[in-house]
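Take a look at this one; I'll ask things after.
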């Protein structure tokens, strides 16, 4: 038998690595977690996912006041229903066996462009940053409407987004053109490889969202086989960011999206190179989230090939406690910012960028029956 | 202690790899999944296993109409019983503890060559492709009869088949001779290594079936220790196909057989180099399958050393829905073709051959208690 | 952080490898499984462990007739009790919580040298090979008595045995001397490394038993941290055997002992380089074994630091069926010889030595909830 | 896709390695396990953790008489409560759901410096070694008081301690200064990397405690992502110790702390390079421990970000039996010293330093449903 015919390089996820303490330590009270995305400055590098169970106008207000950011999905219930509460209730109250069917039905109501415009104005009236997301398919049309209605940042997001897309339509989405046309910064995702990231960065985007296949409410990997574990995806896209920065002098933040369940995961994403993280499930567990203890991905309602499922995650605490504690939970699901600052102290990093130089080791673990097992 | 005395190279299975998105994306509606095996053209690269729970004349008709293909086993109940339904019912109705005993008994009735001939004519009358399988032991005799009765393609399949076989009989099976003698294309399997694949290709076969030990209804690996995980087996045999094509200019499709349970597995097999897949369990779950929700391997009834077990897999949907959706299942067990096309879109492949150039990463996962764990 | 300070090489067990089919196949009916250990020739390379639950005079007779071999422990109940049945019954009937205490008590009765001598004569009267085992501590005294009573082969076995032992006594056991003094072949174990194996081979032994820490009824690894998985241990000791054969022209069989539960494990041991295997649990499951469905290791009754536990394994079939089938079990626990021959056929090996050239791949698997998972 | 952008080296834990037997064996009765830490000599290299569930004055007396050592935490209940029994009872009697809240409450009572001083004098009156621990934050103040009250050794311990710490206060803790000022040896921890260890050794410390993130009652890794498995951490810090010894001629013992549950783990820590181990849970299982069958880490009561949980571990035996046996337990949780000596015998090591030269192999295992699985 001959040698291998193909190189299959290893890719690592959060459960497989851990962070090595530094050679100096820093008082956690002294560290900074500030971040700029386009023209928006946040003090907490945590962005609420563009999922209907996570981001609503009132939730956006709430996380904005705490220093973070939320992204509203322009193709979700907020743009389909005058009163989204009814739609959300239908999903939340569906039985376990028909939840996907209900999701498919709720999202079969078409997007209403006037409603979408009203929703953005409603957010702007709250006096907060208005970041909204669209899919590449609808980006040209909806993003124009959104900017006119007052959106501050446009996020163009789908499971996999590349700078080049081969399609039937004569004029597919060209990010360079979109960015020139829109007066606001554009953040694009999701992406997981160095080459695709570099090409997207070169179109002039203001932020890159990283992650395909790792989310808790996402079954892309199970259904299509496609996915790259988040630590490797983040490392690779961060390398593209650094390369781009070195060449063009513009620093574009990397936002790791998907699979982050604990403070430990958040810290590992940042050490891997993320400037911020996008999280869903941990925030749905807040009292303020519209999902009322349930979460579902935006690919879950797909009429033909749903990739995801409605997951019951429960409500555990007010958002402020989830972000900043204090907490009596010791499993990492509360006080995300405290965990990040404590970690920064242990690795000796004064700010997010210094965290990118901390060391990771491969130390896979599995928790079963309440115990962690080291695996390799 | 000295260094290692033996090189043991790693071999990967479906659960250990995932597919990396491409640098361009393609609209899934634009991709082609066509394939030729010998003189047969199919639009769906999914072949139903030569197992009695999967392929019967009526099932063959059904999958043929949907663009796929099924292989009938000439050594199964269809060639042993005038009315195979009774035999199938006995297996299906056996209790969990005596199912292997019942299998051994059902398959102790001898093969009836006239019946075999009739069955092939019955299939031909349905106006569809007639692909049938025999074991190497019976290949010389039965394949001749089958071709005379109208079979379009002969599959010679056993757990492990090689171009050379050492046996008591003076004249063992020689594939070159068999292929010359038969007027129809011959597909051979199963095989898992580069060298064995190359040697089989050089005999003039029209298709190579890949897979030893990974099937859900197969315990070859447990009983005999023999088996190679499917991703590595497919990569190696595909390398032999490419080598053979480069040298002789004839492209022989690789058919990965065994262990494919989801759309994700199917996509990984194709990215590994498969031109088509052979699946059993997912198709047995169709309403049209003769197994009525049960599956068993053709080595399960072995009188002395059964390798496999009757597995209850349940009936979930019509075959059309399993192949094309739409579906409310989000675990990858329905809409195999939709999953394949979606994956092709994400990696930027317009056809099956372009899928062979997509990248795989090593990203082992285990699903327990409903969650995926990354393992290494 | 600097690079690694220590090389930790990987060691593999049965569950981590699988056997690759060969480039030719052989009819299983044509293969030979013969083996010579010293002056003893066996046709089945399976040796029953020197454990009280496995080997008694009547069991030795039974396996001898089937072509295999059993080793009687000269320090077990057979040498401590005139009627060992009572002692065995006490162990078998102990409750789960006090089984170790009962074991410690049963083995606190001293060894009776006259009884030991009688027992050997009892075996010889059965007209079979009489292979008996002693620990290094008692080897000088007991082996002399055993040979005088008629033993054909002496096995000197402990958890770890080396050619050199540092001890308080002025004259420790020196294998060269023992071998010269005894008129019969001496088999020694257990050993797991190349260097230790080579040194033992150079003392003139006639067989080497391989395995520390992998047995099902052994917790040496849990209690002391010591153990080497069997595939690597066998490969390394087999390399020492081949080196010794090359240098001195004497072929000394390697006997892999511990952790073999299925036909697949047996085949993997042989492909790793074993000439024979020593098994306990699979044979205790025979109707003829003295353990009556229970098994325990010889380190389990240790008064201060027991390493092992009495395990209930059940009785499944007559010994003949376990060794040769036919069987309706498809999990590899019956028809060990059939499995070995089938495997030899698939890798194209006509005899045990040709099996040593078959290829292994790293393909770790775990079986949970009835399914195998590929892990890495 | 390009190659990797970051080196992530593997780190190993106890469950992933095993110890290889040596080329000679030694009679376990002949081995020495002696150790010196500063001016203290112990015959058993086992140190009880500075945790309130483990070390109280009476427990310290008990382990001292058996040849080991215990460290009292100067920031725990012993320095906060005149009668610590009440406080301990509150923790022990708390329900499973409010145990963290109760811990947070119990530890909100301030440290009383007079009480602390009295407690040390109480220990000295018992005629035993008095080793006490403080955190870096309180080290300057409390260690001075402790030494004046009679403490023999000061341990400065926190989750991660480095020679350099960046803090708001103008004069942070400088170990060189502290060591010069105090008349007694100083032991520092915890540390896991070569560079940080070397820098700490150069400050003049008398012992280095190794371990971040692996303890059973610690969730640092889950909450903050920080942690290095113990085998790698010990190997790296031991390399720093050897480097420092080579350069300065002073041998500073390495104490591996955290994650040791069995004799096997203890042996692996020593083979990895530890001179002693610090253990909590196994000792809490003794009748003499103040935790009454419960254990909790000193980071568990953190008011904002608790990292750990109260764990019920049960009471299994007197301390003497846990350390020296005899035992009927065969899972490695009793007779730690017997296990160590048996292991030393099998690897052929006469003393602790010789154990550092034994070989480790990578042989990951997981125990589920009572069985060990080899994983990789």
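Annotations for the structure displayed:
When the chains are written out, they are named A, B, C and D in that same order, and each has its own residue count from 1.
Just so it is clear, a residue touches a chain if its C-beta (ideal position, glycine included) is under 8 Å from a C-beta of that chain, and two chains touch if they have at least 3 such contacts.
This is a predicted model, so every value here is computed, not measured.
For the self-contact between subunit A and subunit B, the two sides draw on mostly distinct residue numbers; the shared fraction is below half. Summary of the copy comparison: rotating subunit B onto subunit C for the best CA superposition needs 90 degrees, to the nearest 5.
Here the spacing of subunit A and subunit B, counted between their Cα centres, is 39 Å. In whole angstrom, the spacing between the mean C-alpha positions of subunit B and subunit D is 56. Under the contact definition stated at the top, the residues of subunit C that touch 2 or more other chains are 1, 9, 12, 14, 20, 193, 195, 362, 366, 368, 375-376. On the subunit A side of its complex with subunit B, the touching residues are 1-6, 8-16, 98, 100-101, 104, 159-168, 191-193, 195-196, 199, 212-213, 216, 219, 221-229, 232, 300, 303-309, 362, 364, 366, 368, 375-376. Only residues 9, 12, 14, 17-27, 29-30, 193-195, 231, 235-236, 238-239, 262-268, 271, 325-332, 335, 338-339, 342-343, 346-348, 350, 360-363, 365-366, 368, 371-376 of subunit B touch subunit A when the two sit together in their complex.
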